[in-house]
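Heads up: the structure comes next, in structure tokens.
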Amino acid sequence: MRASWQERFAETSDVLKSSQHQQTVVRVLDLEIGGSQFITMAGPCSVETEQQILSIAHHVRAQGAQVLRGGAFKPRSSPYAFQGLGLEGLKLLAKARSETGLAIVTEVMSEDDVSLVAEYADILQIGSRSMENFTLIDAAARSGRPLLLKRGMMATVDDLLRSAQIALTAGNANVILCERGIRTFDSTLRNTFDPAAIALLKHISHLPVIADPSHACGHRELVPALARIGVAAGADGMIVEVHPQPEQAWSDGEQSLTFAEFDEMMTMLKPYIRHRAAAVGNLLETVG
Amino acid sequence: MRASWQERFAETSDVLKSSQHQQTVVRVLDLEIGGSQFITMAGPCSVETEQQILSIAHHVRAQGAQVLRGGAFKPRSSPYAFQGLGLEGLKLLAKARSETGLAIVTEVMSEDDVSLVAEYADILQIGSRSMENFTLIDAAARSGRPLLLKRGMMATVDDLLRSAQIALTAGNANVILCERGIRTFDSTLRNTFDPAAIALLKHISHLPVIADPSHACGHRELVPALARIGVAAGADGMIVEVHPQPEQAWSDGEQSLTFAEFDEMMTMLKPYIRHRAAAVGNLLETVG
Amino acid sequence: MRASWQERFAETSDVLKSSQHQQTVVRVLDLEIGGSQFITMAGPCSVETEQQILSIAHHVRAQGAQVLRGGAFKPRSSPYAFQGLGLEGLKLLAKARSETGLAIVTEVMSEDDVSLVAEYADILQIGSRSMENFTLIDAAARSGRPLLLKRGMMATVDDLLRSAQIALTAGNANVILCERGIRTFDSTLRNTFDPAAIALLKHISHLPVIADPSHACGHRELVPALARIGVAAGADGMIVEVHPQPEQAWSDGEQSLTFAEFDEMMTMLKPYIRHRAAAVGNLLETVG
Amino acid sequence: MRASWQERFAETSDVLKSSQHQQTVVRVLDLEIGGSQFITMAGPCSVETEQQILSIAHHVRAQGAQVLRGGAFKPRSSPYAFQGLGLEGLKLLAKARSETGLAIVTEVMSEDDVSLVAEYADILQIGSRSMENFTLIDAAARSGRPLLLKRGMMATVDDLLRSAQIALTAGNANVILCERGIRTFDSTLRNTFDPAAIALLKHISHLPVIADPSHACGHRELVPALARIGVAAGADGMIVEVHPQPEQAWSDGEQSLTFAEFDEMMTMLKPYIRHRAAAVGNLLETVG
């Protein structure tokens, strides 16, 4: 007999479903993440200019997005890569919120920046490179803001749940998990998207789970297919990169959708999103 | 500038889309695999008894499956595991075909068995452990039967296309590719399902592509979600394990669906299958 | 308490050390593989011409090699790659043996070729792409020749032992295991060399184990360091690619050593080989 | 033609060998790390008690170790795991230094702890979970203390060099690289030790490189073999876990050596260490 999921993940039991608690709903402004609505977070990799972020915010809002993403503090994959606008970027995100009503999600890279980022952002993103930075997760959790916890590129499902549990232990139950692709032997695409992990997380955990199709593949032309896969996997939402001129983006241009591509994707996804609630219900409800 | 897909896969150009050839349709009995219809292949891991295979065949046929799967020659994951009924299994599959009209797909393990298996089966399966057995692929291709080529658990997309090209070079263009999960650092599930590879293969290759949600996860309760993901990825069909009493199956019981679970899955998938053709069309059509 | 190695590998107990059987010694001509002598197998990737194979054989013999390697039947990593000289290659290897006294190891790719290859070769190599071709292993084992079983590039230690057990079950206990690098997320080198697997195999199994530093890294300039690592890991020997003009080799030129590099490596390894017996003895002798 | 190493790693050219700079020697107390002497760092996973750390320090000193390791701030692999003695642990390490003359290496987990840890430690360890915490590396580098930078379990050689370059860019050239095993599909041992990365790093970079055989395998009985492999790979030193009563250690007991095992290993390694300098010299000196 195979061990049950509850036995296998016993060490992180706080994030598992129980008879009393089947689903956490994270409330941000007037949004409910983890509820019946599929949530679209969209925006550029990096906040670049006021004109850039405002035009993106208005555009994605008109197409149905509810949350604006955009990096102000950027992880540097190399010492010389662009590191973000910092405070100026946060202020531009806040301006975009006040103009559009979109909630703001942005990454916090350092525990010393937590209070500053928490002042401007509605959701604090813990990036994949920080998923095992427990000090940062603890500090971010204590800010009281909801967390968007991205899976590390070599983190098991178990590792991700352990990091989530750090936040719960610090008193913050508003944790949104995010699958964004893992590192495997096959480097044909940027990462290997793992939507079975989304399906499994929805099966065993009460936390909301979203998909990041942009980082998962790294190729603009495949992002819509991966978004559709994410919906089909049962995700509660997605986070996707959009840029008016991807070829001129300061970072991640090859995986950013143009406005036209974003619009086409949002239209294509509609019937899948309609079937989502039913689909999630079709997963066996009892924890294996 | 990133190299185009056609440049990256130039060595296997025969299996790539071209302006002249966008899609191969494999014809088996009255079926068109790679056409507008989503093809369901279902059946047990192993053919066990006449009563078992006939009852499964009738059941999956009634639920809309078009192809019966079942192992007569089994790969041995251990020297002492069940190795299949052999010729007796092939005869039982043929009997199931004559009773139900289902086409038959079954694995051929050895070049010496090719002519025997080709006598009984409509589609020859090259198993994931044999994906780099080029001698076997060449021999199976020369039989003239369509091939179902399963991706090796350690094979890149490039490796899979190279193996397909072996068959085309041997004069057999009727090759169906199958994604069935790869080996990664995360062993939470049996394998890591890679539907982005399905989306990519549909984007660059003219060959039909199907998903194997059973081997991809190894857990019965997640198979329907993975099947749904496969449809959303743009697959032309799926191959799924079904058994009347999985807990008594001679092999792979933990990933086999019961009849009731199979029925529920087929009902759940219907709206997704309806949207499939449109969805595939939404992939950017030009080869990047 | 962690399970013991014997418990973890219980299914392949025939290949594990026991109080009665600590070490298998494979006898080939006058060689003892798995005994006190470190065995060097050297030669080209492919047998190309009589002049090529004879010059290499004489050279490596003079430097202390005991076995000549060379492919007559080549695995095709692509449908158009060189496939080997076949029977002509086997005859050239036999001629090299009669001129130098070196034993011959060469790969058998297909069960239909087993009797032919076994007629000429002293050791039948099962290549890494064939490690899970159980039909081939069974057929090769029944030839009575010793087998050199290369680890698949995504095979666990457990998988390798299962394949070895296939041979033992077929009545052939003369199996030499070979670690040649595995596939991981890091593609800086051709493969990731795993000498801890060598140390573990020497700790738990009675079969001889050798290292393949050439395939493990794919870069000529690192081959000597990897050979040294293999000796330090406790390997009973190594198999290494040598070519008089690597830049003109028909295959694998980038990882083949020149004669001068081979000579320098053999001199450099001498003190390490002297310490090997002692080193192996320093591994705790009892099976964990 | 394959690109040269210098072309492949051009973005981190500061850490590569050049005609002017072949080897960095890090000076700590009277030690030279990266010079002709092989450096042994030994100690417990965690500092537990004064009695524990002092007895270990005296013991490893007597056997030839030059640096004492011991965690005061511990990464938590789970929210409930032991988190270290903190400042009290640092004071105990300092006491062990004053009694034995051993230099101290200990991990810093948070940028807020850098100045405190730098006050007590001679070398600041950046743990594998922090290898992509660029904020922490930058802060630690600015303390002026030498850094021991452990490779992340999901980091390529390129990623490791990028993190090292962060420290150099911050003005600190005293960076010691450490290979400690990576995550792969094979979980037979705790990690997959990658000594070819050590050989490659010694071939292309001027920074000292050490091996961590304890974390690389996770099994006490294999640690000596992996230490020997590290020496053979050309490492400038090693860091190894030792505990008087491993079965009672507060963390990592299964991979900690007893005093007797440590002594036996140090004796066994002596001839290999003697050959190290020559061996390193046998690597082709020119940067490929």
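We call the chains A, B, C and D, going by the order they appear; numbering starts again at 1 in every chain.
Heads up, the rule we're going with is that a contact is a pair of C-beta atoms (placed from the backbone, for glycine too) under 8 Å apart; a residue touches a chain by one contact, two chains touch by 3 or more.
As the structure is a prediction and not an experimental result, all values here were calculated from the model.
Ranked by how far their CA centres sit from the centre of chain B, the chains are topped by D. For this pair, chain A with chain C, the centres built from the Cα atoms lie 47 Å apart. Once the centre of each chain is set as its mean CA position, chain B and chain C turn out to be 34 Å apart. Centre to centre, using the average C-alpha position, chain A and chain B are separated by 33 Å. Counting partner chains per residue, chain C has residues 154, 183-185, 187 touching two or more of them.
Chain contacts in this assembly form a complete graph, since each chain touches every other chain.
Touching chain C in their complex are the following residues of chain D: 2, 154, 156-158, 182-189, 192-197, 199-200, 203, 216-217, 219, 221-222, 224-226, 228-229, 231-234, 254, 264-265, 268, 271-272, 275, 278-279, 282-284, 288.
Interface of chain A with chain D (complex): residues 11-12, 75-80, 109-112, 129-130, 132-135, 152-154, 162, 165-166, 169, 183, 185. On the chain D side of its complex with chain B, the touching residues are 183-185, 187.
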